[in-house]
Amino acid sequence: MAEAAAVGAESLSSGQARAARAVLGQLVLPGEELLLPEHEDAEGPGGAGERPLRLSPAPRSRVRVVCGPGLRRCGERLLVTKCGRLRHKEPGGGGGGVYWVDSQQKRYVPVKGDHVIGIVTAKSGDTFKVDVGGSEPASLSYLAFEGATKRNRPNVQVGDLIYGQFVVANKDMEPEMVCIDSCGRANGMGVIGQDGLLFKVTLGLIRKLLAPDCEIIQEVGKLYPLEIVFGMNGRIWVKAKTIQQTLILANIFEACEHMTTEQRRQIFSRLAES
Amino acid sequence: MKETPLSNCERRFLLRAIEEKKRLDGRQTYDYRSIRISFGTDYGCCIVELGKTRVLGQVSCELVSPKLNRATEGILFFNLELSQMAAPAFEPSRQSDLLVKLNRLLERCLRNSKCIDTESLCVVAGEKVWQIRVDLHLLNHDGNIIDAASIAAIVALCHFRRPDVSVQGNEVTLYTPEERDPVPLSIHHMPICASFAFFQQGTYLLVDPNEREERVMDGLLVIAMNKHREICTIQSSGGIMLLKDQVLRCTKIAGVKVAEITELIQKALENDRKVRKEGGKCGFAESIANQRITAFKMEKAPIDTSDVGEKAEEIIAEAEPPSEVVCNPVLRTPGTAQVGEGIENSWGDLGDSEKEDEDGDSDEAAVLDGLKMDTGIEISNHGNQDAPIVLSDSEEEEMIILDPDKYMKKVRTQTISTKQAAVPSKRPTKKRKKKRAVD
Amino acid sequence: METDTHIRADARAEAGPRSLGCSLRHFACEQNLLSRPDGSASFLQGDTSVLAGVYGPAEVKVSKEIFNKATLEVLLRPKIGLPGVAEKSRERLIRNTCEAVVLGALHPRTSITVVLQVVSDAGSLLACCLNAACMALVDAGVPMRALFCGVTCALDSDGNLVLDPTLKQEKEARAVLTFALDSVEQKLLMSTTKGLYSNAELQQCLAAAQAASQHVFRFYRESLQRRYSKS
């Protein structure tokens, strides 16, 4: 860690760009410049520091790289805009894959395709207004439910919880949610039951929990039978058999944020005994 | 900004949990959240944390003339502020009902209970008394503001020391802390508020409700009490009807809680006094928990500034005067003059306008504007910036008022430069700097 | 205090006639300490302490809405009394600095609100406000072009330069200069000065502030490194 800090301070002071490959999983700060690996290989290790990589198809390397959250492209340079750990996902078939910054923020910004938990705040005409924690409420058409028709309206009251997906989400437009997939099926979406508890965690924790091989979920599943819904907007709805169990689960998830894997294991083993 | 709405499911769950005597944070019905008191380096400054609710208290004093009908009494003034920092729904500079209610309750709890000896604050009867001002800032709102605020107020008052004074004839001498040790206020007792939330028309009761519990409660009973079990004020709000027994039970609980909190406060004050006496480190820097990963400290860092002189000389040497910055003024009609060609239209050039908020620009712009008004010479700022937007702001007025000498000086150099078409040496460096910053 | 600076001047006499061994007071920072705001930070420089809370990108009032970028607001709350002209002027300086680095165009029609609470003032308050605001913005995950920091320099009557002055040093100083610098190229984002100083002294102060900013940014990095050490 100390070494990493020294390297960081050095590059920060000279304003030099660092190779994205070299800092994978490390902390990056707003304003830093990253160099993509394809370019490094082409230029050789010596030349990497001098010239930033072209993101646009250059004659030498034609690799598509997706610039995820926390990164931005500025001309031919790749710049960091958020603080967090740099992550990279290997591409499925060819290309440079996806780079993004894993930050621990609390405020949600709607993203198309995200599954979120919203609270209905108003009914206005043919749409519901749903609070998702973003900068403005999302709109949800009453027809965007499985089996809904003009006659057969879904039973949604103000204050209900909705689990849905964004079909429109960009910075310039009002976000729009639906509770059906492209085939018109609910697929788990819709109004969430009246029982259970809703609570908030950071967006980073949600991403961690939703990772395919998340051990927390597996451990929690062993403790009690439960129903659980994760919204990408940092909201978790959980329901167990009793109020006591639901409360314990909620507290576990909230505490997970500040624990290492080792600490978590201890907690779970202690809970499993009791 | 609006508050996040409370969903039906949360409401239902909270009420059901309360029926089962369970609380979200694992507390029992009569439990307070953990209370943490930390002191600043100044006297009369403290931060009180009640769970996640956080209040900053600061006491200050001033010599003023007393109220006409109370010539021998000092003045106590309380002000609780609900900063937007505490919750998004708190609007700045708006007196909400909640704020008025809380301030009134604090006054009743602390002023009307006569816990501070106001007569000891009198310096010269009818002429000079101390006005003690208690400022409380809510920093984070997680329910039960009043308890946290009342604890912060009394802790800050206990911690406060006012400068010593002496009266000789009609002359009042104020001593600095170095001359004479400042004196503490004389405090008779410590009133502390205890809040009780009622649910289901008073069937269920919770002590120290948090924010979510406050949202679903039916009514609130606040009892201010000191450790001698004397009730200082009592207030029931929310319009629920309470039985005599319920109120009595609450006062009993309040007595126990207030005794506990008073003990904690005294311990904290004693601790701080000890640290100060021994000359140890005090202040908020010491109260940051070192083991938290969100906290970080750095010791005093020496900085090598040996080469700043050379650097400065280098920059000044490099900065050659620009060849033609000011052109000859054109006289259109008598009494007016024009310098330069006017600025370019920068419509649609939004990327640039974002960056041009540097102080230097507006500073210069203010000078230019001032000149325009004074002498009637029409000067336009050449360069790549859209100055008119900056000009129309009120900042320039402040600049002129705050630094009259500097402004005068600048206007002078400016006039010289326009008249003689010569450039003072200060101008080019400024120009350079600005360019660097805009790049 | 005067004698103190002389001693320091003597100690570093060989380094240069005017530049002494300057130092920054001890720094401390705690992030994410408030539960309600989207980002928060408490920043301490010596005994000066400022608490900052950031909300954003959040909903914006229609009257303040800007169609192509986020509305950036800065509120500075004094510890005693109500905000006055001095606070308004500082709010403006901080707002302009933030505006220069925050990528507001990514979140049009939203608001980014920075609330600063003075916890204790023991000199270099504006610089501390800037540092607290930057750490809170980073904590909130607001997209930024670069980080920024504030550095205050004071020039005493002998022309000696003091970095990160205390309240007493500020009062005795002939001129007090505060700069905001960005992390990428240490360029000047904002400067505000009080008192008389020469052209050369301005450049010296700026060079010293740039040297000091390196330390502040290293402090930022180490502090954030620690924060992300468990993720």
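Going by the order they are written in, the chains are A, B and C; count residues from 1 in each one.
Here is the rule we go by: a contact is a pair of C-beta atoms (placed from the backbone, for glycine too) under 8 Å apart; a residue touches a chain by one contact, two chains touch by 3 or more.
Which chain is which protein? Per UniProt: A = Ribosomal RNA-processing protein 40; B = Exosome complex component RRP45; C = Exosome complex component RRP46.
Just so it is clear, the structure is predicted and the values come from calculations on it, not from any experiment.
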*Any chance you could name the chains that touch chain A and chain C both?*
B
*Work out the mean Cα position per chain and let me know which chain is farthest from chain A.*
B
*For chain A and chain C, let me know how many angstrom lie between their CA-based centres, rounded off.*
31
*Roughly how far is chain A from chain B, going centre to centre by Cα mean, in whole Å?*
35
*Please compute the C-alpha centroid of chain B, do the same for chain C, then give the distance between them in whole Å.*
17
*Give me the residues of chain B that touch two or more other chains.*
293
_Per-residue multi-chain contacts in chain C, two or more chains_ = 32, 55, 58-59, 111, 222, 227, 229-230
*For chain A, which residues are shared contacts with two or more other chains?*
258
*Any idea which chain B residues touch chain A in the complex?*
4-13, 16-17, 20, 22, 24-26, 293
*List of chain A residues in touch with chain C within their complex*: 1, 4-5, 8-9, 12-13, 15, 27, 29-31, 70, 72, 79, 81-85, 102-107, 109, 134-136, 171-172, 204, 208, 258-260
_chain C - residues contacting chain A, complex_ = 32, 38-39, 55-60, 101, 103, 106-111, 138-141, 143-147, 182-185, 214, 217-218, 220-222, 224-225, 227-231
*asked:* Considering only the defined contacts, which chain A positions touch chain B in the complex?
replied: 119, 121, 131, 133, 157, 159-161, 192-198, 237, 243-244, 246-247, 250-251, 258
*Which residues of chain C touch chain B in their complex?*
12, 15-37, 40, 42, 44, 47, 49, 51, 53, 55, 58-59, 68-69, 75, 77, 79-81, 85, 88-89, 92-93, 96-97, 99-100, 104-105, 111, 113, 115, 117, 119-120, 122, 161, 163, 187-192, 194, 199-208, 211-212, 215, 219, 222-223, 226-227, 229-230
